[in-house]
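Next come two complexes built around chain A: one with chain B, the other with chain C.
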Partner chain A sequence: MLEYAWLIPVFPFAAFILIALLPKRTLWWEDGAVYAIGGALGAMCLSFLVVWDVVMGDTLIDGSQRFEWLVVGDFSVTFGIWIDQLSAVMLVVVSVVGTLVVFYSGGYMHGEGETRRRYYAEIMLFISVMYGLVIADNYLLMFIFWELVGLCSYLLIGFWYERPSAASAAKRAFIVTRVGDIMFMAGIIILFKYVGSLDFADLFSGAGVAAVPSDMMILATALIFGGAIGKSAQFPLHEWLPDAMEGPTTVSALIHAATMVKAGVYLTARSYPLLVQAPESLLFVAAIGGITALVAATAALAQNDIKRVLAYSTISQLGYMTLGLGAGGYLVIHADSAAGYSAATFHLMNHAFFKALLFLCAGSVIHAVGTNDMRQMGGLGKVMKITSLTMLIGSLAIAGMPPLSGFWSKDEVLAAVWHAGEFDPAFMMLWVMGIATAFLTAFYMFRMWFMTFAGEPRSDYHAHESPRIMTVPLMILAGLAVVSGFALFIGDGFKAFMEGSIDGLLAGAGHESVFDVAVEIFTDPLTYLTLALAIVGIVLAWRMYYVPGFDRSVFAKGFNGKLQRALENRWYISKFYDDFAIKVVYAASLVADAFDRHVIDGIVNGFAYLGGNMGQVLRRLQNGNVQRYTGLIVVGICLLLILVLYVLPWGGW
Partner chain B sequence: MIPIEYWLVFSSLLFVIGAYGVLTRRNAIVVLMCIEIMLNAANINLVMFSSYHSTLHTTVDSTGQVFALFSIAIAAAEVAVGLAIILSVYRRYQTVDVDKINILRW
Partner chain C sequence: MLEGIPILSLVILVPLIGAFVTLGLGRYGKQARVVALAFSALAFVLSLLMTYEFVTDPTSEATGYHNGYQFYEEYAWSDSLGVSYIVGIDGISLPLFVLTTLLCMLAILFSWDTEKRQKEYFGLMLILEVGVLGVFVSLDYFMFYVFWEVVLIPMYFMIGIWGGPKKDYAAIKFFIYTHVASLALLVAIMAMYFEAGLQTFSMEAIAAESVGFAKGVQVAIFAAMFFGFGVKLPMVPFHTWLPDAHVEAPTAGSVLLAGLLLKMGGYGIIRVAIPSLPEGASELSILMAVIGVVSIVYGAMLCLAQKDLKKMVAYSSISHMGFVLLGFATLSQVGIVAGVFMMFAHGLVTAVLFMMCGVMQHKCGTRLIPMLGGLSKRMPIAATLMTAGFLASLGLPGLVSFAAEFMVFYATFVKWSLWVLVPVVAVVVTAAYYLWALQRSMFGPMTDRIDTSHLKDMDWFEYVPVAALMALIAVFGVFPGLIFSRIDSAVEIVMRLFGGG
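What follows is the complex of A and B.
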């Protein structure tokens, strides 16, 4: 089936074209949802067939599916398909979450009227280019799709563009991610300069890697990771993601939790053959991941908007994945082990399922209550049984409770970081940040859950359970959040599966058996430490936000309330950017304005003035006396004759 | 046979006299006459060089003579046009002083 993989993005793209161009009458149910569901389902079925082939041990990385796109002389740009285990994981995530979100949209977007057509068209375009991104076989093609998913993200964040906050959030997301995109582009330009090709097959081969000098490799990989910093909302470019919550919740679930923000992690994982050549970059990747995880987890503590809590949680979990990838690179170099790499990709997949679930649950709540503010919710568990239960499963999964999926992957990531600490002590500090994040994650997730579903209603709302079309996807995702962790133990296990994608980097280390993996997890005291911290976090949240009469102002008063305010203001990072834009950019614009006005305009006006004045002087020559002109002609001819007859021969011409 | 240098000196003098007249005389008719003198200096050169060429190569080549005839014919036409212009200028300004006819200027 692999040779038909190029058809996967074609299905949603066809749906996009149909929804965008068909006459209104023929859109049928929900203004085009039928075509959207059809496109998503078609792509999902094909993806599953492709993934099945990969699971059976088949890959498509030899460039046999490649065609020329642009030929300039003897240089050609080719496009092709690259399907390995990593692509397969992404295909599973995109197809499952994409399809469920499209179904869910049928209920969630019901009240939007005719704008649903725009919504479905944009969602289908997004799914199509996201598939393209994960099956692209060179950096150029990947970059094109990378930009296209950014465009779709912009369009969908700004879906309610008549709201100024949504319009500015869309712009912000677009501009901030662009900073990363430029770095990504600079990175691939450096690679192209040395290797002369952007195909993965050429770049990842021994000859391709050897062609890049080691200092340039560090620069190129760090810049490519810069693209991931922008797209995956890593510190310090993470502030666009909470703002991106202005879009519909389905968009947040699909684009800003499960798929597009994973593109940065995917890019980093994809670039592993290059990254392991540059340990400095790996440490940078891990450090950014660790800082992001902790900073975002703390910022999530004090948010009152249910979607913003989830957004910060997403950033924090993405930080985990990056941290895992950075640590995994050290394990590849020093221990011939793909543990970190597989842990990060495993967390990527699990997180996609439980975070999409959490977002869709939040969407269900918002749909029912009509507000994002958790202070006005409370007591929803009684009226929204399915939503509250599925969200509880999602929260337990992200908090890392066994046997839900988050437990396995988070534990694997932390174990990999701990293990990498043997080779560089910096990872020990990052590991501490990791477990602190695990504790905070459990706390803020249950703070959110208790504030939303437990206790008594804090405002006058008339909530009811969402329709079946919304709750069924929730139940499917909750099921996945429970079982996807067991992928670690199916067949040869997820670890052995992912090793296939970077086996060129491993010196033929024997596979760990599934049994060994399980033993390792359950005999490691660190597993129980993380678990204990998570349980403490949940109990603390229960004590603070469920048991009545708890005086929360004790915490608010700490550090004279400065800490509380800093958290509520998201560590002032957003404010810093605003101030930066206002003060620094404004000052720079003033300088530029003065330069333009005085120097540039001065030069232009000076030339005009000079021309005018010279004209004033020279026009005196034009006095109308023909004899004067004739005289000048005669004198001129005499001078020319003297020049030609005497001066030039004398000079040797 | 008169040596060629004589002819060259003669035609040069004629040309310079004509040019001097064109540059200094105020009467437009005299200016026109001086132009004729310059033209005839060129005609003399054409005839003279034609003759010299034939002598040098002992052939009969009358191309230069024919050119001189053409030149004379064109000079006649030029005089007719020039006199017509002077006449209309005189009608307009009641003068043929070229210093006075200087409206075409800044």
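What follows is the complex of A and C.
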């Protein structure tokens, strides 16, 4: 089955072509949703067959049929597919979330009229290139899909292009992620020079790794991770993601929570064979992850837009994943353990399900109330039973309450970071940041839940539960958010499964049994510490936002209100970029433009003037002033001497 | 199929006959566009036939293979001076040659509603086509220079007669500026002719001799040629004729100017200067690279400041042609092939961009970005094509420019290591100016600064050429190997001069 995996992206791509080009009356239901559902389902079925093969122990990591893209001299680029356990996890995520989102769109986008055609076409293109990214076996091919994913994100964020804020957010997202993209590109160019190939099979082999000098390996891996910083919205390039919430909520769920932003984490995980050669880069990865997790979690505390809260929580959770990957690299190097690697990918999968769930719930709420502002909501639990319940499940999952999925993977990530602290004390600090984030996460998620669903309505809305086509995907995702964590204990366990994709890096130590994994979790006091912090966070949110009469201004007044304002303004990072773009880059371009018109072109026009008025000029020179004549003669002689003595001999005369 | 047929001369001859017919239409002047389109289409079809033959058997003696050139023709003209008519085509000139016949045809179609002095307008375009085609296949310096100069004249008139408000200034500036450059080129050619002392202007014969010139001589001649070709490219700081010429030129003029005339500069460097004077090229490669990088970065910064859509696109040409120069400057096979491919890619993409600027001028009466806004709602086709064109120009993978840019960066890194990061940063600026322009002109709320009550989407003669070009941009973006393999084998011959590159 694996050799047919290249067909997976073909299904949604075909749907994209059909929706884009078919005459309007043949688009049927919801302006093309039928084709979209067909494309998504086809790709999902094929993905499941492929994933089943991988679970059965089969992989396709070399010898796949290759397509020759370019050959120039000894520079040759060929493309193929690469299916291993890591790709399989991503295939599950993209196919499940993608398909459910397409179904859900049938209800959510109902009122959009003819623009739905554009919507479904772009969604299909997005799903197609995302699959392409996941199964690529070559960094350049991956980069191509990587950029196309960015394009789709641009188009979908700007879906409501007539809103100035949407048009601006789309542009911002593209440009900011492009900063990461050029780092990614620079990184693969470095690898290309030394290894002469960008195929994973060549790069990850012993010979490939050995061909890169160690300082260049550090640089190349750090730059490739730079791509992940952009795409996975890591600090300091994370501010585009909250802005990206200008797109339809379905897009936020699909692209900005469950799939595209995972591409950066996927890239980092994919590059493990290179990263473990450069521990400096691993520490950089982990530090960025830890900082991102904490910074984003704090910014989430003061947001009133329900989607922005979720956006910051996404950034924060992505930070966990990168932190886990960074720490995991140390565990691979020093302890021959894939614990961090599997924990991060496990969190990637679990997060995809509960975050897609949370976004689609938020979409259901917005669909019903007509605003994103949580200050206008309240009391929705009474009218939207399914939505409020499923969102509660999602919130519990992300807060890390057992036995929901978030509990297992977050605990695994933090355990891996703690464990890595044995090899580098920096990880201890990152671990502290990690558990602080766990506390904040629980708090802001329940702040959101209480503000939205509990209490009394704070505005005059006429909400109702969403239609079945929207609530069924919610229920399916809620089910997944409950059970996906148990993948840790199915068969040989998720850990053993993931070890398969990096077993070349491990000394082949026998893996733990599922029973050992469970014992480790429940006997570790740190598990209970994290859990306690999360519960405190929930209780605090309950006390502040549910129990009436709590004076929240106490917090707002702290630090003279500066802290509150800084949080509301998201640490002024966005403002910094705006200022940089306008006051530095744009200003520089204006200076360049003036320079070009007045100085460079001025000289040109000056010459023209001189040519046209040579007589006038010469007359003015011959004014009978002997001193000036003498001066000119001296200058002339000097120039001649220079010409004869230096310029001509150098020229060979 | 083409055995014994002088196909290259035929392709050059067709637009020449077409030009005379068009100019001589007399009172049937209204039909000039049809006649011109027919002749340019015939030239295009012939060039496709030729391409087919070239691709199926590039070294077939029967169709005139000679020393790396296919469809080779040689006729002595003046024995005493050593002037001959020599034409031939290889993998470097082939993409540019076909690009020429294609763009001329599409530019004529795009000018379908020209009303002012139609005979002259379409006739001059065909003459221009003759000149450009001649430059791309001439293998004799004398003929090369003649064709080179032939190109200047119709472009001068196109700007001067059909141009915008400042057309006189722009036309004379274009003419004098590029003519000064031509003189430097002429001096260089003469120097090569006399220094070789072979009594022939044949490029091949002179090149065989000139590679052995003393280093100083090579450097001096190379410098003169580099200036001559570089002004055309254009390279910073000799670029200021370009924005003026573009802003004033009619749309079809801009398409041909940016799509073809700029390529003549790059083509000259790779066809003549580098292979004939390898030591001079090596000596000045750093200078070429610095100018290339400055053009890339400085050009991109200038784009960011522009308010006129067309001026922005014009400046973007400077930035993108900087990639060509940078690729050549590496003097490596990958870099040179990438540079040639970049020329081809830029020809396709920039034609789309200038056509879209023409559409804006045509439909909205202005190209000033602050006057536009929200046009997407009323002009969905235009908005889609403009977005696609901008994305192609900013180097989106899957579209044609990406492969070229990536390989130029690769070649630069191989040669100059981390200096490559300087031009790489410009890629972000490029994305910024294009997307910002899109945001302000196409998206957001509908503008109220122009009268939009009668705003219509593109006409058929506008979107057919643009859509055709976009299709090619996508095809060659997904399968760049189709062209790379041709260029590669030709560049390999050049690279032997540098010890195999």
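The rule we apply is simple: the second predicted complex is superposed on the first by the 594 of 653 C-alpha atoms of A that agree within 3 Å, B and C clash if a C-alpha of one lies under 4 Å from a C-alpha of the other, contacts with A are read in each partner's own complex, and residues count from 1 in each chain.
Note that in this section contacts are C-beta pairs under 8 Å (C-beta built on N, C-alpha and C of every residue); 3 or more make two chains touch, one makes a residue touch a chain.
Note that this is a predicted model, so its numbers are computed, not measured.
Enquirer: Mind working out whether A:178 is in touch with chain B, chain C, both or neither, as first, second, both or neither?
Expert: second
Enquirer: Answer with first, second, both or neither: which of chain B and chain C does A:190 touch in the superposed model?
Expert: Only chain C; A:190 stays clear of chain B.
Enquirer: Does chain A have more residues touched by chain B or by chain C?
Expert: Per-residue touch count on chain A favours C.
Enquirer: Contact-wise, after the overlay, does A:634 reach chain B, chain C, both or neither (first, second, both, neither)?
Expert: So A:634 only meets chain B here.
Enquirer: Given the touch rule stated above, what does A:626 touch, chain B (first), chain C (second), both, or neither?
Expert: first
Enquirer: Should A:151 be classified as contacting the first partner (chain B), the second (chain C), both, or neither?
Expert: A:151 sits against chain C, while chain B stays out of touch.
Enquirer: Show me the chain A residues, by the header's touch rule, that chain B contacts in one structure and chain C contacts in the other.
Expert: none
Enquirer: Within the complex, which stretch of chain A touches chain C?
Expert: 68-73, 75, 140, 143-145, 147-148, 151, 154, 158, 161-164, 166-168, 170-171, 174-175, 178-179, 182, 185-186, 189-190, 192-193, 581, 585-586, 588-590, 592-593, 596, 600-601, 604, 608, 650-653
Enquirer: Quick check: in the complex, which residue numbers of chain A touch chain B?
Expert: Against chain B, the touching part of chain A is residues 619-620, 622-627, 630-631, 634.
Enquirer: Quick check: in the complex, which residue numbers of chain C touch chain A?
Expert: Residue positions touching the partner: 173, 176-177, 214-217, 219-220, 236-237, 239-241, 298, 301-306, 333-334, 337-338, 374, 376-377, 391, 396-398, 402-403, 406-407, 409-410, 413-414, 420-421, 424-425, 427-429, 431-432, 435-436, 438-439, 442-446, 479-481, 484-485, 487-488, 492, 495, 501.
Enquirer: Note which residues of chain B are touching chain A in the complex, please.
Expert: Against chain A, the touching part of chain B is residues 19, 22-24, 31, 98-99, 101-106.
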